[in-house]
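In the two assemblies presented below, subunit A is common to both, partnered first by subunit B and then by subunit C.
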Partner chain A sequence: MVEFLNFTLEGLSAGMIYAAIGLSLVLIWRGTRVLNYAQGAMAMFTSYLALLVINATGNYWLGFAVALASGLVIGAVVERVVIRQVTGKPPLNAVIVSIGLLIGIEGLAGLLFGSNNRSFPPAYSINGLSIGSVALGITWNDVFTAVAVLAAAGVFAVVFRYTTVGLRLRATAFSPAVARLLGVRVGRMLTLGWALAGLLGALAGMLVTPSTFLSPNSMDVIFVLGFTAAVIGGLESPAGAVAGGLILGVVLSYAGGYLNSQVVNLFGLAALLLVLMLRPNGLFSSAPARRV
Partner chain B sequence: MVEPVRDSATLVIEDLVAGYGAVQVLRGVSVTAPAGTITAVLGANGAGKTTLLRAIDGSVRPRRGRIRLSGADVAGRRPEEVARAGIAHVPEGQGVITELTVAENLQLGLLLRPRADRKAALAEIYRRFAILADRRNRAAGTLSGGERQMLVIARALATAPRVLLLDEPSLGLAPKVVSNVLELIKGLRDEAGLTIVLVEQNARSALAIADTGIVLNLGAVVASAPAAALAADDALRRHYLGF
Partner chain C sequence: MTTTPPEPDQTSSPDQPSRAVPLVTKPSPPAAAPPAAAPPQSGRFRVPTLARHLGVAVLAAVVLAIATTMIGDYRDYELAEIAAFVVAVAGLTVLIGLSGQISIGNGAFMAVGGYAAALLFVHLQWPLAAILLAATAAAALAGAIFGVAAARLRGPYLAGATLMLAVALPALSTQFQSVLGGDQGLGFYISVPGFLGINFSLSRWQAWFNCAVALLVLILLANLTRSRVGRNWRALRDDEVAASLAGLNVARLQIVAFIVSAACAGAGGVLLAVWIGTVSTSLFALGVSIQLLTAAVLGGLGSLVGAIWGSALLVIVPTFLANFATSHGMTQTTSSSVPILAYGVVLIAVMVGFPGGIQGALVRFFNLRRRRPADYHQEEKGST
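Up next, the complex of A and B:
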């Protein structure tokens, strides 16, 4: 029983990371119909920038702020400079370009920072928590991870639902042509959407890297699992991405705990394949794809 | 209708040339839509009516010519900037954002107004369009065709436009709904003094409410006259208008 509880808590904690990556992919997908394969690589890069700042100043939170800010900037620059060139072109162009970005950013990180694994500090203690003498499978840092991701998701939900900029962002995502006719500066909204996604990705990078170490391709697996989370949620739904991340985290945690830790990534890929084959619009879809 | 438009404007189009790729659709169209009037744009399918509106609103970039609204030339500006200059385009078919609620569709239009004016403007729209007030919290995708047409017109009005471009507002609507829409358009001119450019296949009903009209054929203006004169011209009606 305690074991089950621990696996569940560990799974939810890992799932928060997948949820954050998934959420950032959904943001980008809804706005620009691009699946950003470089999302993980961008988060890896911002984590390196954070590590530089942390090592230079000894201040974790300064590094944290630098990661989020550079995530915003990198997201915006990537949209303006690279993605803008392929909007309105065949979808394959965007796929190729974003894979190119992934390779480019990982190569650049290798050149600048070297390719060896670096350890990365957590925000809070990574000693296991316990209730009385019963050890739980989570740490204060896991609690922080959950709070940070849920808070970010909550802030995004409120901004999108209740603010004018959120209304503009949604209108741009659903119908850019109509939004333009109503005076919405669609280009700016797309840049903003990518910037926000970059920020979320950077947050995920800061949260996951203490447990993976940091190297130019340390985010690759996390990206695939985050993508799986988004697909489980249907790729259109922010709430679905969060739910998808948590479900995936728990399932993978059971697989690793009860079966074998070697099979975790295999299970992740299998989950992705199964969802794409059986429920391509996501586990929670009821209606067929959106009406236009 | 929302409130009288004080600085209603005359839209002057001079020698407009536009098209898609190698296809030239408009071949030097000139038309003036006087402030506070309805100008009907008539003609057969493919005459260039919709392209004319799309060139005015910036969705199609004009290759030549001027589009002047109170002196400023908006030709070549992007659609969002043309909208901000006060030209609202109600495109043909379903221009509602189906995923947003009725209220959110309207609020999107209101964003072009100063923040302080929005609440009153929305209340006024709901007063005028009672059916939209009843359905305000429903997804716009659940509305009927007639209700959607009301919503897109109401949303265009929410932007506080000086010029309203309407593309086939009666297309696909039941006859009773069509007369409601036409009454509404007439009211926008009479009560609010809006400048309206009305594209219609249904020439008879368009000329019944318009002040002036032009007839397009193959991208050129073949007639430009007061609405009554166009309606009375038997040869023109038979050749181009089909009634």
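Up next, the complex of A and C:
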């Protein structure tokens, strides 16, 4: 029973990361109809920048701030400089370009920072918590992860729901042409959407890297699992992405805990294919809408 | 669609006179003449497609056979690698450029082919050709299974699913460590067949074998892309709804394209495994899938000739770049990142700047009426 509880907690904690990546993908997808395959690589890069700052100053939170700020900037720059070139062209071009970004950023990171694994400091203690004499499978850092992701998701929800900027962002995602007619600076909104997604990705990178080590392709697996989370949620729905991330995290945690840690990725693949085949619009879609 | 190399002149209707092509090389037949009434005496002689492909292939085989005796062992070795990649890249370029689907997981199908070949080598000691066929069939089967799932997916979803495939599949080899050898992989040893004599170098034999397979695959693909299947692929690439309204079975065509591409990847995997003499998970890691994509994009999506350009550059340039970086004071681990960065830059630059890739640029530059598969049906439509 305790084992089951622990696997569930571990799963939820890992799922928070997938949720954050999934959420950032949904942000971009809703705005630009581009699936940003470089999201994980961008998060890896910002984590490297954070590590540089942390090593130089010894201050974790300064590094944290640098990671989030650079995520914001990188997201905006990528949208302006690269993605803008392929909007309005066939979707395949954007797919290939963003894969190019993924590889390019990984190569650049390898060039600048070397390709060996680096350990990465956690924000809080990574010693297991316990209630009385019962050891729990989570740590203060996991708690921080959950709080940070939920807080970020909450802030985003409030911004999107109740602020003018949020309304503009939603209008741009819903119908760029109409939004433009109504005076929304659509281009800016797209850039802003990418910047916010970059920030979320950077947050996910900061949270996950202590448990994976940092290397140029350390985020590959995290990214595909975040993608899976977003697909489970339907790619359109931020809440769905968070739910999808948590579901995926728990399922993978059971698979890894009860079966074998090697099969986790295969289970992720199976989960992705199952969802895509059975509910291509996500688990939470109500009416299937056909997009032509 | 931008996945096709730019072909402005060919998309125009036949009676439009704005073709910037020298009439000497290809005079248009009289517009009124029906196709059957345009025999050679109308001034236009067209070699049958199959014969032309075979002719080019035989010529290439002769040139390659002579070249392998002159360029030395190391170049032979490189040639064998290029040929292995040509096979896999050709399959991918057909998938992306003609059927309009994308796969960033073809390295996984290479792994299926490579591992199947290694297992057959180690346990059954079949002859090389039989192993190639069986392993290719295994990869095709894997492609069929995945293709059935993939046929329901579009653009970004499909790319994500195939990316997942490439990331997840290597775990199988550690899961079944006793059979697949885990991280060490499986080693085997091939030798030069006896009839070539004892002085025949192994590299040259590998180059011969791989180039022969590559030529064979290119012939098969060239014919396939000009067949009804190839035309149907292009139809559904350009407009899926229109294609299905015209009576095409979209799902089946997409699955067939996936199988063809997986089979090519599998054959390429066999050749790569034979070339190295071992298979391991690192040989077929995500990086290989990206290399295939880069080569296909760089050469020009949908173009088989482009697949050759792309593969050759893929093999030659990274070594050159890494050596260049090492000789300029970079460490080994850092310089290995230079080619990776280059792949990324190439993918972005080509897609943004020259969607037709090298072959598209060459065609445009020389303004040649090359009979690339992508153009052929339009050309034929134009002449009838």
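To be clear about the criterion, the second predicted complex is superposed on the first by the 289 of 292 C-alpha atoms of A that agree within 3 Å, B and C clash if a C-alpha of one lies under 4 Å from a C-alpha of the other, contacts with A are read in each partner's own complex, and residues count from 1 in each chain.
Just so we're on the same page, a residue touches a chain if its C-beta (ideal position, glycine included) is under 8 Å from a C-beta of that chain, and two chains touch if they have at least 3 such contacts.
Note that the coordinates shown come from a computational prediction; the quantities given were computed from them, not determined experimentally.
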Fill in: First (subunit B), second (subunit C), both or neither touched by A:A56
neither
Item to complete: Going by the touch definition up top, name the partner, subunit B or subunit C, that contacts more of subunit A.
Response: C
Discussion item. I'd like to know which partner A:R168 touches here: subunit B for first, subunit C for second, both or neither.
Written reply: first
Discussion item. One more residue to check, A:L181. First (subunit B), second (subunit C), both or neither?
Written reply: first
Discussion item. Once chain A of both complexes is superposed, is A:A135 in touch with subunit B (first), subunit C (second), both, or neither?
Written reply: neither
Discussion item. Shared contact residues on subunit A, subunit B side and subunit C side combined as an intersection?
Written reply: 292
Response to the item:
The answer for subunit B against subunit A in the complex is residues 57, 59, 78-80, 83-84, 88-89, 91, 95-100, 104, 107-109, 111-112, 141, 155, 159
Fill in: subunit A - residues contacting subunit C, complex
29, 34-35, 37, 82, 85-86, 89-93, 95-97, 99-111, 114-116, 216-217, 220-221, 224, 227-228, 231, 260, 262-266, 268-269, 272-273, 276-277, 280, 292
Worksheet entry | Residues of subunit C touching subunit A in the complex | 1-3, 96, 100, 102, 104, 149, 152-157, 159-161, 163-165, 167-169, 171-172, 174-175, 241, 286, 290, 293-294, 297, 331, 333-334, 336-348, 351-352, 355
Discussion item. If we count contacts the way the header does, which residues on subunit A are in touch with subunit B in the complex?
Written reply: 164, 167-168, 170-171, 174-175, 177-186, 290-292
